[in-house]
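The first chain written gets the first letter, and so on, giving A, B, C, D, E and F; residue counts start at 1 in each chain.
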Amino acid sequence: MYYTDKLLQFPVRVEKPSPIFAKALQQAIGGVEGEIRVCLQYFFQGWGARGDSKYRDLLLNTATEEIAHIEMLATAVALNLENAPLSLKEDVAADAAGGSVLNGMDMRHVLSTSLAALPTDANGVPFDCSHVYASGNLAADMFANITAEATGRKLAFSLWNMTDDPGMKEMLSYLIARDTFHQNQFMAVVDELGGLQANLPVPNSIPPEAELQEFSYQQLGFNRDGSPPPQGRWSAGPSPDGKGEFTSRPMEPLGGEPNLAPPRPGGGAQTQQMAASDNGGGLLHKAAEAVKDSLS
Amino acid sequence: MYYTDKLLQFPVRVEKPSPIFAKALQQAIGGVEGEIRVCLQYFFQGWGARGDSKYRDLLLNTATEEIAHIEMLATAVALNLENAPLSLKEDVAADAAGGSVLNGMDMRHVLSTSLAALPTDANGVPFDCSHVYASGNLAADMFANITAEATGRKLAFSLWNMTDDPGMKEMLSYLIARDTFHQNQFMAVVDELGGLQANLPVPNSIPPEAELQEFSYQQLGFNRDGSPPPQGRWSAGPSPDGKGEFTSRPMEPLGGEPNLAPPRPGGGAQTQQMAASDNGGGLLHKAAEAVKDSLS
Amino acid sequence: MYYTDKLLQFPVRVEKPSPIFAKALQQAIGGVEGEIRVCLQYFFQGWGARGDSKYRDLLLNTATEEIAHIEMLATAVALNLENAPLSLKEDVAADAAGGSVLNGMDMRHVLSTSLAALPTDANGVPFDCSHVYASGNLAADMFANITAEATGRKLAFSLWNMTDDPGMKEMLSYLIARDTFHQNQFMAVVDELGGLQANLPVPNSIPPEAELQEFSYQQLGFNRDGSPPPQGRWSAGPSPDGKGEFTSRPMEPLGGEPNLAPPRPGGGAQTQQMAASDNGGGLLHKAAEAVKDSLS
Amino acid sequence: MYYTDKLLQFPVRVEKPSPIFAKALQQAIGGVEGEIRVCLQYFFQGWGARGDSKYRDLLLNTATEEIAHIEMLATAVALNLENAPLSLKEDVAADAAGGSVLNGMDMRHVLSTSLAALPTDANGVPFDCSHVYASGNLAADMFANITAEATGRKLAFSLWNMTDDPGMKEMLSYLIARDTFHQNQFMAVVDELGGLQANLPVPNSIPPEAELQEFSYQQLGFNRDGSPPPQGRWSAGPSPDGKGEFTSRPMEPLGGEPNLAPPRPGGGAQTQQMAASDNGGGLLHKAAEAVKDSLS
Amino acid sequence: MYYTDKLLQFPVRVEKPSPIFAKALQQAIGGVEGEIRVCLQYFFQGWGARGDSKYRDLLLNTATEEIAHIEMLATAVALNLENAPLSLKEDVAADAAGGSVLNGMDMRHVLSTSLAALPTDANGVPFDCSHVYASGNLAADMFANITAEATGRKLAFSLWNMTDDPGMKEMLSYLIARDTFHQNQFMAVVDELGGLQANLPVPNSIPPEAELQEFSYQQLGFNRDGSPPPQGRWSAGPSPDGKGEFTSRPMEPLGGEPNLAPPRPGGGAQTQQMAASDNGGGLLHKAAEAVKDSLS
Amino acid sequence: MYYTDKLLQFPVRVEKPSPIFAKALQQAIGGVEGEIRVCLQYFFQGWGARGDSKYRDLLLNTATEEIAHIEMLATAVALNLENAPLSLKEDVAADAAGGSVLNGMDMRHVLSTSLAALPTDANGVPFDCSHVYASGNLAADMFANITAEATGRKLAFSLWNMTDDPGMKEMLSYLIARDTFHQNQFMAVVDELGGLQANLPVPNSIPPEAELQEFSYQQLGFNRDGSPPPQGRWSAGPSPDGKGEFTSRPMEPLGGEPNLAPPRPGGGAQTQQMAASDNGGGLLHKAAEAVKDSLS
């Protein structure tokens, strides 16, 4: 169960409201790198967590923090919109150079919300929950979370860089710090579970008979001319999971041409497809001719 | 530029076609853990890669392999559908127990494709390209790729476990092996870039003034009763990025109550909202009364 | 800011786990009538609320309760999945009648989550945040909320009716009661704002010059034969908003035929479209002939 | 069955074409508050209506009107685009201040439609039919419709406010009037069905045993400090549905901690999760160590 | 403007209601091959049509017919659902073989609509209006319409084949006939515009300088081994547009390797990417070492 | 299986980078008329092709070319972004007229990708794979492909027209030429299959008993006043498929009013709906009164 105290986790101040920056901030709310995503991701990972309940608690603790981050950003969007133009006339009045504010802002901030945040990204695309990665595998989820915090931190930095409003810069530098912590937190879970070698390849519970192991540490090359693929740490030497030795070679196909059965009657294909299949491709022209004949 | 030889990377054999399993296989084609996703993700990461071109080449090499994986799975779906019922009558004939094949299969395999694969997941939800993570930050992208290969390998194992068709089991065990390699490959890139400590927190190019560093290694607790958050590797000791020392404490709000300006005239709010804002909440009832009076 | 105590708002017990019912429950999590929707809707309404802060607090209080409802339902899904078949073989073993469990369950509960809830509806369609209605107009938002609670209560009742597990029935009857309260709560806000007449038509802040008032209380009929449209409370007598008197009449068009300019050169239309527009439709055939001639 | 006469319901005139305003108008076509939505919503409610056919007829009558509204708006978009720049050069020529028209317009109006409307919102997001609410419960549907007409009227007013083209202002003031009527019409249906008390809580056909009635009129508080939730019309006195008396109290959890079974073998979790579950969390470290040992 | 008479275009009779078939019918309502799509597609093509108004009228006439087709199918879905099980118990009672009806039907038909149609496809995926193709080019739109009617007719035939209910078979055979007409109608428009040669390639208004014509009739081969691509009517002889002569050859790349600038400071890339770019790839290892050193 | 050589199919040069044009180019990558769509469409058509394998090979050959087109466009986007402003300050510095670059560009090019392409359209809407049309019917697929190449060529021409960068103009004129070839190629397949008459109506394998043939060549009119529908090539004379003679007449409904059963108890409708249904509409008021009475 959850509780609130109506206070912000960190101060949200806007000195120079900018509807353009409000649009940019939306990416951190409803973008795939944003806070709705991490919030719901950690909640669903936590609610579905099986195994040691410590990790469930950690995930719910972090998810609960993330609600406060959405709240901070939604407040920041609303404050940045407080001088937004409500009409083309107002826009031109504010900016003799041609109404560029209305051009650059998210019009739905005027049309749909009356100057408040939307659960969408910077292009107005609504967040959709297919981005909530919660696989039931704790290690896979930790990598998903580190990824989310890494792209989130990159985004927060791009926003920090974009604005020169001191209040906004401060709020973003707080969020950057929290993303630093969360990256470290989720990597620390991997450490506590035994580290990279104990956990890779994920899942580490796949029995040997389910894996064609001769292909597990082999870099395959797909250069047209059969030249070796790009060489590096991944082409030779021990694999990071500590369980194999890298090799590298150009790939040649191991399977033949796929061979599908002809279309079945009643399936809605063209008759020519069925004729060709029944008789071999050589008879196609004849079949088509027959169809043509029957029309004249 | 790209080339083909029309051959499968690995044999695709189906001994006992199962339209139900065809539906399950769709998750590996068009699901968020599936092959269209990794294929396009590596392509877009490669095409947008800035910096050492070796990584661009590696990403495009891997993306090119993934096309062949979609091809294998699409072939597997088509082969599993070859005895699918085209009508309710046919279904009941095949299964006296009540037409359970048609119930469990993806009907669009009959209605929309004439017994071939769709670029959708196991529930028929089409893949959408918002899942193509390509941040321009090489380390963030590597974590995204390890995540994709980890959830993909989990999925392939679940499919391996679900079927007892030997051809399908063999194909899946090949894909499991490739996912093992790709997890190792992308972790090897991190190694080559200096390892976890050199790369965390991602991005590692954020200048110190952009981060409120006192909050960067601090576990914050959101328990209602102020008790400490779940303790572990992340609450004390050196952080995995090697740049800080973990501490842990319950969080108290640092910001006050958010304070938005009243609705502006012309914005489409209710008059009561504007009245309340102008005069303070205490006057709300009076405002509402006035509106009411004006109606009688 | 938000807090948690890791406890469920109400007990979640499952006596007879049913993966089919787990699928049905998903509608109450990620469906458009579900709990993610109301949770985010009340949060975004609250975070963007302008005017008397009492309503902001009420909305955030209710949103905070809704997190706990998602949590209950996610737990219920996980518990219903605990005996789900992981393979076609296991499925047939459990149900000699043909593997109907695997047919009817959401396969992603096995393939993607390892037996836990997804943020999707009963058909596996992910929730998307375009359903978060937060207009900035308090009355409009209240009607949106009553709607959400009405369809949510209808859904909870359909689920209650579908299952005969006593634990599930009890949990659902609790949620039904909460939906009763929330419908009343949001209607009480309308009351406090002066009632229906003070608030309709929404927004009540539109100035008279923005409305062609002769059409504001007129039922228009669109029967082909010009007969009167369906009569009722809405065709005569005072309007519910207390501001007009209903009339009713068949509609005849007030505007003429739309008249768009011809396609501009460089816009990518067919030449015949441009010719026809320049010269009048009568010349079209000639223009087409000319094109044809120029080819021979 | 349906018929047309090719005439507009109301005149659509544009004196000063504005591609920027064309973009804004899109919200009224394909936005969630727009006309495609209400049109399809009333059609699907009507086509599925069970009970007195009068309401079916009323819904289809209104849906038929809404087609004409989409038509008016699509015409308005096309007319506003007739001077849109087709190239960056043309754009700069028209506006020496830097090509702000092309910046602010929807580029797909040039790229995808050759200067005509799209079935998308102001941000180019296509309308999706999950927004068609048709629950089968007449009262729930009426509230959904009032909501749609309320947000639609707010949107039409914001558009009226944004433009100073007299033709556009007149068209919008007509649509505002129609939204006034439709709000009243749908509320009149509720009246005819017995009014709010006869219909709330929706559905009014839920039997008493399906509801834990002690929680049906109880405001629950989720303040962290246990202080009372925001007081108002909803905390004391008779409920608007006339069936209860409001009370108010802070919530304490009634359920315990959720307790999920450990991950099953073959499900793709990490071995550490299974070990921890089997043996209790205390043994986790040991399990991880064992995995680690097995690698060296 | 539009009108209705509340009558069905063609009788809709269901003798043996089947919730499974109701699910299949959904594809013809909300699938990409379905009736909502063609209805909206013809409306938007008509409302945006520039040039001879005859085609606008033809498109609106056809769109108006399509509303009646959605209506017929929505009615058919509702009638097929009239004996659907509302509970697991009812389901098992009706079908001792294990509740296969509830398994195979769309649960949202019970949960969300109370036994009526949804604007979704057979998998419950809502129709989204990105499928409304209306390019502003009349010939392109005609091909889009022929495609839609071709896939729609294939779908109607698959449905006809699936059911053995005589009422449903008759309704579907009517829709199949209408799709025959509409394919012919749209091809007749192409004929009236001068036929294939006058219209291909679409658009036929592109000036010669906008096309690198040496590549316009050249089949390019992408076989890995440089062997010729599949030969046929398209590799030699006159092109169907009557404007060229086909040739065929293997493709070799005409462009070099892409060469993107290094990441800019402040963009959020890893420092190693910037170092590598500045100094050439050879220095990467050194850069990574430096980062590593600075940590110790 | 697939291979690469890392070279571009055609040179991609940008002389005057324009972030605004980068946004426009996105439509050709991730728009419904774009290259991801055709690439995946031809792949899925090829992988599912049944019948003469020549067409499978042709489709895969073309799909393989399309990857190179996405690559060219993604490179073009990245090159156009190389001088994009990373901050509001930088934007204003570059353009004294008010920061119009940042206004007009896709902000996600800065926020999400660090100046590289996204798999989205010009409005930032991600491509979704429901647009991959692959019906299993070869003729239907050919028309879908001609449509895609026609709208794609129209788009490429609009882009060619929009820019005056010579490198971009050249690249686009190459793509325009390829679209000319592909339109011809797919029409040549129709020719090889016997031409239009042999293939229309699609599918040509539907048996006569599945079609109510009296309606197959009949233009139906839906004018309100019963006047004839728009006359043309489609109203009289032989049909393009060579199998019928066109006639034309106003439509009158052939079906009666739809008649759905009343709502079932337990389905969640309002009691008034059930009452009205049981007793006939006339008793509705009485039923509503009864409900009302029971409340007082």
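As a convention for this text, a contact is a pair of C-beta atoms (placed from the backbone, for glycine too) under 8 Å apart; a residue touches a chain by one contact, two chains touch by 3 or more.
None of these values were measured; they are calculated from a predicted model.
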Would you mind naming the chains that touch chain B and likewise touch chain F?
A, C, D, E
Which pair wins on C-beta contacts, A-D or A-E?
A-D
Call it same or different for chain C and chain D: same when shared residue numbers make up over half of all numbers used at their interface.
same
What angle of turn lays chain A on top of chain F when you fit their CA atoms, given in steps of 5 degrees?
120
Between chain C and chain E, what is the separation of their C-alpha centroids in Å?
24
Chain E-chain F separation of Cα centroids, rounded to whole Å:
5
Which residues does chain D have that touch at least 2 chains other than itself?
1-9, 32-33, 47-48, 50, 54, 57, 61, 64-65, 71, 75, 78, 86-87, 97-98, 100, 103-104, 110, 112, 114-116, 120, 123-126, 128, 130, 135-137, 139, 151, 154-155, 157-158, 161, 192, 202-203, 206, 222-224, 251, 253, 257-258, 260-261, 263, 266-269
Think of each chain as a node with edges to the chains it touches; is that a line, ring, star, complete or other?
complete
What residues of chain F sit close enough to touch chain E in their complex?
3, 5-12, 32-33, 54, 57-58, 61, 64-65, 71-72, 75, 78-79, 82, 86-87, 110, 114-116, 125, 128, 130-131, 133, 135-137, 139-140, 143-144, 146-147, 149-151, 153-154, 157, 160-161, 169-170, 172-174, 176-181, 183-185, 187-192, 196, 200-203, 206, 209-224, 229-230, 232-234, 239-241, 244, 246, 251, 253-258, 260-261, 263-264, 266-269
Touch list for chain C against partner chain E, complex
18, 20-21, 23-24, 27, 31-33, 95, 97-98, 100, 103-104, 121-125, 151, 154-155, 158-159, 161-164, 222-225, 251, 253, 257-258, 260-263, 265, 267-274, 276-277, 281, 284-285, 288-289, 291-292, 295
Inside the complex, what are the residues of chain E that reach chain C?
1-6, 47-54, 86-89, 97-100, 102-104, 106-108, 110-112, 114, 120, 123-126, 135-139, 192-195, 197-199, 202-206, 242-243
Applying the document's contact rule, which stretches of chain C touch chain A when the two form their complex?
1-9, 30, 36, 40, 43-44, 47-48, 50, 57, 60-61, 64-65, 67-68, 70-71, 74-75, 78, 112-120, 126-130, 132, 134-137
Which of the residues in chain D end up touching chain B in this complex?
154-155, 157-158, 161, 224, 266-268
